[in-house]
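Listed after this line are the structures, all set down as structure tokens.
Note that chain A is present in both complexes that follow, paired respectively with chain B and with chain C.
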Partner chain A sequence: MNQLLQVKNLKTGFRKENGMQNVVHGISFHVNKGEIVGIVGESGCGKSVTSLSIMRLLHDTPGEIVDGSVMFKGEDLTALSERQMKKYRGNELSMIFQEPMTSLNPVLKIGRQLRETIQLHLNMSKKEAHQHAISMLKSVGIPRAEDVMNDYPHQLSGGMRQRVMIAIAISCNPSLLIADEPTTALDVTIQAQILSVLKDVQKQNEMGILMITHDLGVVAEVCDRVVVMYAGRIVESATVEELFAAPKHPYTKGLIASVPKIGQGINRLYSIPGTVPSPSNMPTGCKFAPRCSQVMEICKIKEPELIQMKEHDCRCWLYQEKEQEVEHIEKGSSARG
Partner chain B sequence: MKKEVLLEVKDVKKVFPLSTSWFAEKKYVRAVDGVSFTINKGETFGLVGESGCGKSTTGRLVNGLIKVDEGEVNYKGNDLANISEKEWKKYRKPMQMIFQDPYASLSPRMKIKDILMEPLTIHFPKMSSSEKQSIVKELLGKCGISEYHLEKYPHEFSGGQRQRIGIARSLILKPELIIADEPVSALDVSIQSQILNLMKDLQEEYELTYLFISHDLSVVEHISDRVGVMYLGSLVEVASKQAIFKEPKHPYTKALLSSIPQPDPKVKREQIVLQGDIPSASNPPAGCKFHTRCPLAMDICKKEVAQLQQVAEDQQVACHLY
Partner chain C sequence: MWQYIVKRVIGLIPLILVVSFVIFMFIHLIPGDPARLIAGKEATIEEVQEIRVSLGLDKPIIEQYFVYLKDLLTGDLGYSIQSGAPVSELIGERIMPTLGLTFISIIWALVVGILIGVVSAVFRNKWPDHLGMVVAVSGISLPNFWVGLVLIQLFSVQLGWLPTGGADDWKSYLMPSFALGAGIMAMIARFMRSSLMETMKQDYIRTGRAKGLGGNAIVFGHALKNSLIPVVTIAGLQFGFLLGGSVVVETVFSFPGLGRLLIDSIQFRDYPVVQAEILLFSLQFILVNLLVDIVYSFLNPKIRYQ
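Moving on to the complex of A and B:
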């Protein structure tokens, strides 16, 4: 197995007046080499906190990793010192953010911002770094790259800025790129450009990408595997084809059904009733139970485990019970035998 | 059956000055550059386009939040383009607006009850308080918010609930035309579908006409009867929903449709990835504004502006190809 990143039982919380409040509750997933894995969920489900935890970028917020490990190429990132972590960040591990407007420094020229990363990690001279930066800008499809090197961020459009962000992120040839809603702030025609750039650089460099998004369309377009999160937990994970063809968890089913599709021609959309519970007021039992259409008695009392079924994991009592029944029967028959 | 035209927008133009220094040459943005369309009573007209194309400005020109520079806005046969602020008051009641940001469009210092009763106080100064309350309660219930929330402040609600309150506010005066400017863009998908369903239900119940402004083509396809596609201040295609989504004619509409990521990995379609960025509205290209990015641009496109013309029943396109 070419496992690049393995997140195991990650728990992240925020410090509140009355102690820690967990936002991510023990999630586990992995990203293989050259694979695009998507994390989908609605706002507040913990998907961005997960990405910040992997990058160890939570220290400016009152958040911290409470438990679990993040194995990257056999090294546990959670155990590294800040100094060691800096060697990974921007080099082996890279990240692009949602807002291309705010994630570039407005008072530095594009060229300087690109060179900064390159010189820091690749041990190049200023001249070499300059050449490398230009080739990076060209690889993400920026016309007149030499001129853009001398521009300030405000002189570029949103799509161009996001291309610059991608150029910076891939300039040290990272093996893992975390993209946190990379196209959410962009128009659809520009989004299509950026997604195709991302797919191209991913193929060229055999990068693994962890794509964080709320847009199921983007997921279907670019990802190989998907992890669906709800209220800080993974509720389902499967390959893209499997997830869209045969979603198992009622939340995933509802999510897919609530997106309007062109040419579908239905009068009413399916909608999940209610809203996402707030972290301070979580229901006991399954966190989705109050909104679920197939809720049972047990869902309100006990939270189901994430059960593994042939490359398709699901956290729901509907499937749990079947498993347990099977176990029961097996136990019964072995006892009799 | 002849459809009754409720709103007719004729060649409307709006130019905003760019603030530059005293000595510099004055620059202008042609935000809306000759837009014409009609909306029939009881239908939903979707206005789509990318950011900066002038779709929100068009919405605001229609209900008089911004003054029209040139052209006509006919509402039930009355031209509203050049009437005074005082005369406008008459038309505020039948024309209401739903805004994009449910966090910014409700006053944080007012209780829900007061937010919803304010329009009644202004337009019906003689109405008694209990009468107002009963209207508010009924509408709030229709929009899916229970009565006991009346004494609460906006910050106590989630985004979806706030948008429901915004919708209830727009309905208080029993309007005929509602201009909805990106009403679901700020919401999560599961909430978005709740709001879209609510808007459809209310349309049926109160016989509403919607001008639905959005950048999201899938949402527009779901809710609209007719659709107008805007690019840099001009309409490039106006047609029935069926025509636009089954047989788009303008190259921009085609590219826009093919760019939407479909939530189905099995759908493999030919994607037209447009080259280049949207030109700035302060310095639009000459001729057809789309020619700089158009895969099918011809010589004539660089010189002459294409006018909207009828190419099929209920389908108008502004392109030299037709």
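Moving on to the complex of A and C:
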């Protein structure tokens, strides 16, 4: 079996005073062994909620998986008890977060924070775990690894802390690493270093990575395939080459147009007009319609399906048999009227 | 670490000087002539003046302060107007019971307060939390003299298990330290609860979960130390109130401590004793603050490494 992770029709919502409010609306995608899959989309589209759903880390929030399944190595994670799930986290399935400054415990030494995971999952003595921790720090390119073991997080720079987070995450040799915006909080040169560390450890350990980002530059740099999300839905998914060479969805085109290119003045940078609709105020038809330059009548009435076209999925009326649908709708409305 | 402590202690010296000066000035601003008090009502003006000179009260006030300071450094706190005994002796007799009482009170208040706070935070909005917070609210809202009177009524008068007062053996410490610590315990419990709940929202707690840690490892291994940082500050402040509270509680339990001594000497306008006691309380407060900062730096590596 080649599929490492298969998310099927995942729906996640948050409990509000007036009932559940879904923020992830039935998304499906997969990650193969040793593959790097990107999830891109603007802030608030549900990327983090998706990753927390896979890790089943929503219980400190009012969030809840409403429907769907998360198959990991043939096991449905959504059906596991919390006790069983704990054996996966940090072990087979690990995660790093956006904020390296706050993701490490400020009052514990780096060494302790690394050893903890190792001793929890790998059945090593304290001494063995210590040695393993040092080798992990070295593998993510931390100089003076022995000294860093005795440091507190505030003694390290943001880039170094993110390397420590990666070292912790890969210390039990996971088959899948979920990286939720691992470089967003870092400055550009450090971003590039962290990405190359991730690529290196991915090659060494044949790990799959789910790379969550709002930066198409990151996707182009490291991913094999990419899933584009908008308002809790997948709107397009393809291989990275295909997506950049022949983007289909107007949203994806907009995202690509807004990536700064060398030689382009900053003032000519394109950005998609308008803002992401809030979950409480969703348009009825295509969720992107209010911001789309190619919007048509039908877009406002009916949401398009995610249609598969040769390894390249897209959710947009421009690529669907809209005539039939329009006829269908018109018939329906004339019959009623 | 040691460097930090030494630096802090040296930094306290000017503070102590200022405090001693302020106390000295205030005592001298209080209306009422100690020389007349010593001499008695029938004494002539000459006699009073003689006493004034012998005590150095005729000298300029600044000079009096420096004499006072010099005596202080040699351990001479003057003589009680009321009994004529050296003040250092009077305080020496009373200091151990009061130190014992405050120490027991703060320890049990810390231990029980932290425990209730942790349990409440872990079981938030379930029955252990509700129970814990009822205990905490009662502890804050019931005045300690009232708690003391109820305890005496129950355990001494009705049941006859515990002595109503004194400081003769460990039994006589039980009720006063309970009455004295209850409010602080309650305060600490509430702060501990909210601090731990706040800590549980932090990113590094999520990291801990992502590592596969269970609830206990998260709370005790990761959250507790962080959430103690604000609690220590509060505990230190509460300790200041505890010094004041000991005056009330010692009176209720006729406990032979510094608090009672203070009340007695204020009533008699026994200035040397009052002055020495207030200085002692201030010193205690300053030392507790120092202790808080040291514990704080121990909990928080960022401070330690500055």
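Observations, loosely collected:
The rule is simple: the second predicted complex is superposed on the first by the 312 of 337 C-alpha atoms of A that agree within 3 Å, B and C clash if a C-alpha of one lies under 4 Å from a C-alpha of the other, contacts with A are read in each partner's own complex, and residues count from 1 in each chain.
Following the convention adopted for this analysis, a contact is a pair of C-beta atoms (placed from the backbone, for glycine too) under 8 Å apart; a residue touches a chain by one contact, two chains touch by 3 or more.
Note that the structure is a prediction, hence the values are computed from the model and not measured.
Contacts of A:T102 after superposition: chain C is touched, whereas chain B is not reached. Once the two complexes are laid over each other on the shared chain, residue contacts for A:L4 go to neither chain B nor chain C. In the superposition on chain A, A:L120 contacts chain C only, with no contact to chain B. Looking at the shared chain after the overlay, A:I54 reaches neither chain B nor chain C.
When the two complexes are overlaid on their common chain A, residue A:V201 makes contact with neither chain B nor chain C. Touch criterion met: A:A192 reaches chain B, while chain C stays clear of it. Of the two partner chains placed by superposition, only chain B is touched by A:L216; chain C is not. Of the two partner chains, neither chain B nor chain C is touched by A:C314.
Considering which of chain B and chain C touches more of chain A, the answer is B. The touching residues of chain A, when paired with chain C in their complex, are 55, 57, 60, 86-91, 94-95, 97, 99, 102-108, 116-117, 120-121, 152, 154-155, 165, 168-169.
Considering their complex, residues 42-43, 157, 159-160, 187-193, 195-196, 214-221, 240-241, 244-245, 254-256, 258-264, 267-273, 275-276 of chain A touch chain B. Here chain C touches chain A in the complex through residues 200-214, 217, 221-222, 225-226, 299-302, 305, going by the rule given at the top.
By the touch criterion given at the top, residues 50-51, 158, 160-161, 188-194, 196-197, 200, 215, 217-219, 221-222, 245-246, 255-267, 271, 273-274, 277-278 of chain B touch chain A in their complex.
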